[in-house]
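Chain naming follows the written order as A, B, C and D, and within any one chain the residues start at number 1.
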């Protein structure tokens, strides 16, 4: 569908039959209808800190790790980030937690280095109209997360994206993060209507960042839910292992337990929850298999049929190994497991038949 | 939970164990966790128009009917409403559609008359700081729907509510409808974060009105969904049978079919859907009753037991009449229905037994 | 000159050859190129207070007295004004200081009473879109001071004026008082460009009110100067004899000495300055008269001419009395003064001639 | 005087006895109480265009020439400037018109080159929080003109200046150019109160730029006057020889005659006016000299004194040559002029004496 208000957007024009461009960042997909969550601290402070956050947010169900090492701070006397050293820490933390990474660049000199270590580059709200930098990340051919400036109109934001697209880089994810208004109760005021408006004007995915509202968990959770309901393609959340001691971004970062509660309210399962669920499913399946094999044994005994031959067991193990190969895990693991399953199956059959006698 | 920023709100303070005051407008409840929808035109134009909208929105699942007859218009040359004549039309339309009603008052002289004909009084955004009028509706002891002004802070809005509460009227429902900002893509920008912020500061229910965004169905539907996800206690939607010919509010009113689609996306069943469902349920039950009675007849016949006596049938009819009285509908209706049911039951039993013979 | 952006303003259209409508409030004229200053407290607190302010601001050169007795306050727990009792105090204070008066009305019931006691009615920013009240003051046929709402566009403001004009009352003075923006350094931000923009669109005079900036004397003085340079037709300043003890408007009122300094920077002479100047002028004239009369006496003596006869002196006194009548003051005052002047003149002539001898 | 709201500004603190730092750009001084005017086009388009503007604005009384060659444009499809080629044109135009120059830089790579060719570097509103670039211009040790971002608070703006000051470059001139607000009648709304607020908080000079209001001459003239009355230390005006054909900035540039009228309303004399005035003064002096010499000749003739000797004439010519050397112009010019003056003096004396005879 085309908006009546559509500006002259050369690259933005959405094909008739496609609703959104899907931007892939490793295994994470923005724009496919899922709601991936990017989480991490404002600033990387140490290897220990970023690895701690990475493992924690991965555990809670996050899809990507964020962390700043080149910091755009309003005053020259604030913590300005660890610079290129932080990039190594971010890469390591992402690797340990199994999450792709995103980091902000604020000048030409950062782009190549950041693109080497991270999976996505971030343009912060201060630099939304730093047109040289937009061209630089356009040339870097890495996916880009483009924040809306606090007083940028939607058209200006899309035109900033156009600078990146015009360099041939179409992997742009937009991030709505609130506009500067008059109400002192929120630092910046989330413009929720920007999501449907952008989706009528542009093919690019658009996520939300509720941090600039400065409201803590009580505000981030409802905004995260509202954003998803309004059609957002993902969420950006600031998380720190110890927000009150953070070197930057005080007041806008959640601790890991608050982040966990936000994910709960979003209905996104933590890894622990997911594993617990699968374990229970596994045990249940094993129990059903056992019962079935006993039932079959009884029927065979009743009807005087032969029990399973060792050849048949080998076949079953080989089939399990084939499945493992197809699913991408070690066939030996499958063989070992299957052997145990068959062993206990046999024992239970014998016990059952022995009881019958 | 208490906000650190909480202003001095004498009547607002929420008891520890109560989350929201529930405001009742006839059978509609704001603040009980439901999401009632108020719908209707900007301005009442004729009896035919308001009855048409009323029946249409009721059919689509709306909970309340709105309609303006005293109009706050920016220019003295616009349609300013039908005045007190419109109040009779609104009352009649609400009665025909079975919906409670709400209408705006803009001066002292309107309040008594509007309170006589409508079930709730509305204070529009222009009058949020018309303190004399706030006191007038406070004294009227009717529930009040209080819109936030387009540049009012949340604190100013709560203080305006305080004027009504201070007169002893605690039935105030707040309505977030967007703030004036700089982006030309939306006329006023919905402040979605106002919902959780208000709910930390005040015990009053808060609903949303996406109309001032001026975005049509494509914007109203996602905002309605987002509002509910953020915790809003209801929705206000402008609906007109023929928006393009409306005397007021062009550009912000949906027609009935667009309104129906918005309600669909909210998952609120229309009355037709509900009735279809019940009809199908009724037919299914009737079928099951028929089959059961035939089964019973066969068993009785097999076992040589007596068929049901006319006395037993009278008892069944009397029980149905008692049930009808308890549920609030005409016992004769129940008796008539039951007689038919029993008649067909008998025929089916005879047919079944005759076949058997 | 006509603006390209001009909206449809039925009454606003300015004739080709007229730049501004002049609004007269007793002897004060808005729109004639002068820069009248309205001064007075936010709220009238007592007769003593308002008379004290009135006499003080008149002394410092103010043209009109303002004072609120019906108060539009954000909370119901603030001082809401003395009501109709305050109107008598304002009238008395205006009379004592010789200044016309202006006072705010906030509801229908105030208009007649306020129009009886004050010379101009004020519509505050909260009520700029209280359309019923605009019609009420339109009917009252008193000059109206119409403040711009803190988030009203210029077009909305002119349309609010149109409500008053449409009732046949063309004596409207607009008041720019700052818009709500994001900068915490000023409460409301003066929109200085509104002055030239309004003057291209409307024939109405427009004054400025720097009080909502909440900046004290250091901000009010430069804004008052800037407003005049931008073409404003006057100034509104909040003044209280003791701002720190005021019952309302703390933080936005100047004390009398600060007000005096602002008037000094505007180059508006205080009454005291004016009198000092005239006194000096008087003494200088008296001295010159004395010298001239001595010179004449000498010449006459040299030339043997006759000195002034008593008849000639009577003629001079009668001429002075005629002048006094024409200028509107007591002829006896003139006669008495003239007698002394002539007496000293004679003495000096005699002394001079005696010395000569 | 120190503001109660003063933020922690390490370099900003103003000594008790100093009101403003004076920033010198060649012979132009910002902050000394004068009101220098910077004028020139948004974009340099050709040598002919920039030289034409330069000569024209110099003629009209401008103090500095501006011109953009690295352009920050909202869309990648606009004219982005001539790049380093434009710097040569700007330097040449400044040289021809006798005006120092200022040009915008938008990335690290521009700074050295621009600093080589221009006398002052400009940071545009889009880059106010491009902190890397602020540090770059801080290191360049050229005076910097720092625009306020359209939604930057005053504190953020001063902190951006702090980035430049922290590099040891204290030659920063602030430029207030309007904030983004809601009124469509002006694109950005001049925050006139920023001038006195900044002057209480910072020692840096602050000028205004009325162009972003997009109002043409009718708005620029009153804003320029208001800015000076509010205490601004200068003015920035966009001027183009043919605004309607400009490659950039349509709608915000004045043509030379409109610029001349603005300068007239500011009371700044154009060069032509100045010369006319001096010419008239010269002719008047020449006339008075002639008359005096004739008078002297008559007196000498009456008293039988000798006329001036050729030696005395040579002395007068030598004195004139000395004066010329001291004032920095060619002594031959002075000698030639003086010879003519003496020649005509002699003739007039002879004519006068001949008539007498």
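Structural remarks
Here, contacts are C-beta pairs under 8 Å (C-beta built on N, C-alpha and C of every residue); 3 or more make two chains touch, one makes a residue touch a chain.
Worth saying up front: this structure is predicted, and the values here are computed from it rather than measured.
Relative to the C-alpha centre of subunit D, the farthest chain centre belongs to B. Of the two interfaces, B-D and A-D, the higher number of touching C-beta pairs belongs to A-D. With centres set at the average Cα position, the gap from subunit B to subunit D is 67 Å. Mean C-alpha position of subunit A lies 39 Å from that of subunit B. For the pair subunit A and subunit D, the distance between C-alpha centroids works out to 56 Å. Under the contact definition stated at the top, the residues of subunit C that touch 2 or more other chains are 151, 180-182, 184.
Residue ranges on subunit C touching subunit D, taken from their complex, read 1, 5, 151, 153-155, 179, 181-186, 189-197, 200, 210, 213, 215, 218-219, 222-223, 225-231. Interface residues of subunit D, counted against subunit A in their complex, comprise 8, 10, 72-77, 106-109, 126-127, 129-133, 135, 149-151, 156, 159-160, 162-163, 166, 180. Across the complex, subunit C is touched by residues 180-182, 184 of subunit A.
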